[in-house]
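Shared chain: chain A. Partners: chain B in the first complex, chain C in the second.
And then the complex of A and B:
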């Protein structure tokens, strides 16, 4: 603060602080508090808002258990609340996305940090970043075109002879959604892991090899433990971003894929039931946070590690 | 349990730069061998080639008579101690030490016992459960040695492991390393730029410069009979006089310089006439009267008292800067600043060698 005052003077410092305070208060805290408050009130006609029926309850949260459908798991058929099913599938596929991102990003991060010639590293990073210059919507649509029934991916696979008939990529459950989410968020996994591996002393890798470690044990005992904070923060980010993504599931989703954010969005914008929608949104936020916290405790990762 | 190492015509190129140039050396099993040289002389490259991290561009490396071409570091019977030690900070000390055994599939109880045994060997009993960050510099050193010994290597390779320690600890660890080497009988190859370390610990020393091994000999030979100017000036101090060989007979030569004519041992100067004369400060004598031969009239400049010896800096009448060391044994008379003296030296203690910068 002293530093800011000395560098920019009182006037400019005041303006900056006020702008940040405005942004934080009016654009983040107040809307969230408003929605949080609304989520406990029933959805009523305007004339009844503030009337005797407008009381606080957990009714909106309980609505997530309404509306059963027949679902099957491991061959058993049973009735299950449709929104809970959507929610669990969202969590599950977000985890799968995070896992696949990890599998893609770890080798690449190791390659970038320890193997590639440092002179070609800037080019490599640029190549990875260029897709980020394009808006997320356009990138999702690009994948929609690539994955289309008569699109380039099917054409390529047919030409190579890997498949005999074209595949309906975006109409196979969550396949399209997962491809889109992995593509969109893999860099959020890559860079934390890259940073972590880069800080590993190369001599340690060599020492392990010199002591007789095969390559996979070098990774298992030396590199991965060192990169754990990076892996944790990458996984948390990809998981949270995936679970909270609306755009990719909307564009690349199939008739049988429903993301929980889509449920929230439909309740907000189609049913215009802001109260229930707020309740769903906070359920997603709270349960995802809880899930991440439990995962962090299980994997013995500290919050301060992730902040790094 | 120890193996000899042979390097035959080993070269290593990095692009157009030749880091190691036709290295030939035969290291005996159980020997303590040091490579001594300034930074960038190729000594670390030799070590990394022996351990398998770099493949030689040409030539053969044999460990225990076996050609090591294509063998990865994890397949060679060597253990390397890194300059920064490279201990694993996320593992406790005992896991560090038994890492090599873990890789060989040894059971946990057996590893634990072996780690404890090695900790006793390096004089750190009971430190197994500490983390690496809790250890002092000297203790880390010992853990690194124990970790390398755990895999029972036939050859230990040490890359300036003492350079990060303070002077007292360094001197202590020198003796310790030497003792561990004698106890285990493993061949030690030691890399250093510190001549004191190399001379004090080694059975033999290889002095390197510009990728070439200049001389391989035992420490006394290196110090007393350097083969060329580089070895003479890198190992120890010298008074150096440029000049020309006049006549030579029976290994001795008379050598004329702008500061007078001297007699000295004639080294290998490759048939040249122009060479340099090297004489060590402690091999010179300061006296009030001129001796029979090899005396230079000079005026005493600075006299610095170093404790066990006294360094006398003087300027000859011909303008050469001279350094002489007098042992502080109480018998020597120490000249005053400005005194007129003669510095003289024994012909058998001075060598005529090729210039240090001359590449053979």
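And then the complex of A and C:
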């Protein structure tokens, strides 16, 4: 601080501090506190806001447990709160998406870091970046076209003879959503892992080969441990983006694939019940915080490594 | 065996590229199909009708103008705040630095929906509390700007902070000793060093803002940005005008990519020549 004052004088230092304070207080901390406070208030007509009925309660959070639906798990059928089910399924499928992205991205990341001719690497990266620059909504829309009942994927599979009847891709539970999420976010897994593997000394791999290690053991004992920070940050990124995505589930979802963000969107923008929506949004925030914390402890990485 | 695994890896790379690029081709192809539904099968013949319909779509043009305004504003504010934060973070230490830095970084990880809802609630509540109709406190794209800045500023901060690592603070000392004012030190010495990072930060902020959907969806009031408009179109009966828009966006992307690639190759060749000499 002293240093700052000496270099840039009182005026400039004050301006910089004010800018940072505006950002962190007005755009981050205070909004989230307001969200938290609002989530405990009941949904009232405008005239009654601030009146005697406007008291704090856990009512909005209790709404998560309202509305039951019959589900079956492992052959057992039972009643289950529909929003809790949505919440849990969102977490589960986001984890599955992160896992599948890892499986898809890891071989390519290794290929890019260790096998490909370094001269053609920049071109490869550039080609991979093209879908990333085309906006997310269009990427989801592209899959909407492909997966349509009379769309090109069914036409192709029919022509090849793999299937006899067209498949309703976007009406098979979470299938469409998962395909869309993987396509949209797999690159957020690829580049962190690539960066991590790139710093691995190729001599280590060759030494292991010379000593007779089979290829899977080289990956298991040398490459994957070295790539762990990249895997951690990629997984956290993909999970957070998937769980927080509203575009992809809305465009590629079926009637049976409710995503928790869709529940929040409907409460906020259709039912106009901002207070309950705040409660749901707060739950989502808690979930993400928990997930990041667990990943940080589990993989022993720092917050700054993940955010990169 | 080794050779076999290598060729397997090449095949995988090609398959992955097809997976990433084929959807874009399908989407672009559908823009030229003379069919009311956006698809490439069955093919009903070439047409450029969807492009003229797109230009005639006034709401889309408005959404486009809105998007540009929002992105520009976000870029300016995020660059100013992000640069100030990076300079501040760079010159403090200890626990307060850890806390501030963690707080800044964590904004990147907050789900967009949470940012959107919390921004909306805070500003409209402040408006209600003050009983004012001033536009700042009503829903609208200006709230989208504030919401987007809250996490995009952190991205700019990271870029500028990385650049600050290579800054020689001795230059500032020298300037001060030679009688430069504080403003001069900032404007003539520190900022010029940071310009590359500030430029990159502005570009990142601009494109992040164009991409943004979650924050905008919850704060926009009645206004459209391009992403929101495309989204509403996709949900409520689509015409291939969206595909025409996609063709243009893919076209711009590919042009930028080719320009970048050509420039890179030229640089590479020049470097090789210098090495030979």
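Keep this in mind: the second predicted complex is superposed on the first by the 261 of 308 C-alpha atoms of A that agree within 3 Å, B and C clash if a C-alpha of one lies under 4 Å from a C-alpha of the other, contacts with A are read in each partner's own complex, and residues count from 1 in each chain.
The definition used in the following text is that a residue touches a chain if its C-beta (ideal position, glycine included) is under 8 Å from a C-beta of that chain, and two chains touch if they have at least 3 such contacts.
In this text the structure is predicted, and so the values were computed from the model without any measurement.
Asks: Does chain C touch more residues of chain A than chain B does, or is it the other way round?
Replies: Looking at chain A, the partner in contact with more of its residues is C.
Asks: Mind working out whether A:150 is in touch with chain B, chain C, both or neither, as first, second, both or neither?
Replies: So A:150 only meets chain C here.
Asks: Quick one: classify A:91 as touching chain B (first), chain C (second), both or neither.
Replies: Once the two structures are laid over each other on A, A:91 reaches no partner at all.
Asks: With both complexes overlaid on chain A, does A:101 touch chain B (first), chain C (second), both or neither?
Replies: After superposing on A, A:101 lies clear of both chain B and chain C.
Asks: Check whether A:213 is in contact with chain B, with chain C, with both or with neither, and answer first, second, both or neither.
Replies: first
Asks: Under the stated touch criterion, which partner chain does A:181 make contact with: chain B (first), chain C (second), both, or neither?
Replies: It touches nothing on chain B or chain C.
Asks: Looking at the overlay, does A:32 come into contact with chain B only (first), chain C only (second), both, or neither?
Replies: second
Asks: Between chain B (first) and chain C (second), which, if any, makes contact with A:113: first, second, both or neither?
Replies: Neither chain B nor chain C is touched by A:113.
Asks: If I apply the document's touch criterion, which positions on chain A are contacted by chain B in one structure and by chain C in the other?
Replies: none
Asks: Give the list of chain A residues in touch with chain B in this complex.
Replies: Touch list, chain A to chain B: 201, 203-204, 206-214, 217, 221-222, 225-226.
Asks: Give the list of chain C residues in touch with chain A in this complex.
Replies: Residues of chain C touching chain A: 5-6, 9, 12-13, 16-17, 19-21, 23-24, 26-27, 30, 37-41, 80-81, 84-85, 87-88, 91-92, 100-115, 117-122, 125, 146-147, 149-150, 153-154, 158, 169, 172, 176, 181-183, 185-186, 207, 210-211, 213-214, 217-218, 226-227, 230-231, 234-235, 242, 245-246, 249-250, 253-254, 256-257, 260-261, 264.
Asks: If we count contacts the way the header does, which residues on chain B are in touch with chain A in the complex?
Replies: Going through chain B, the ones touching chain A are 51-53, 72-74, 78-80, 82-84, 86-88, 90, 99-100, 102-104, 147-148, 151.
Asks: For chain A, which residues are in contact with chain C within the complex?
Replies: It is residues 1, 3-4, 6-9, 11-12, 15-17, 19-20, 22-24, 26-32, 34-35, 38, 104, 107-108, 111, 115-116, 122-124, 126-131, 133-146, 148, 150-152, 155, 183, 187, 215, 236, 240, 243-247, 250-251, 261, 264-265, 268-269, 274, 277-278, 281-282, 284-285, 288, 292, 303-304, 306-308 of chain A that touch chain C.
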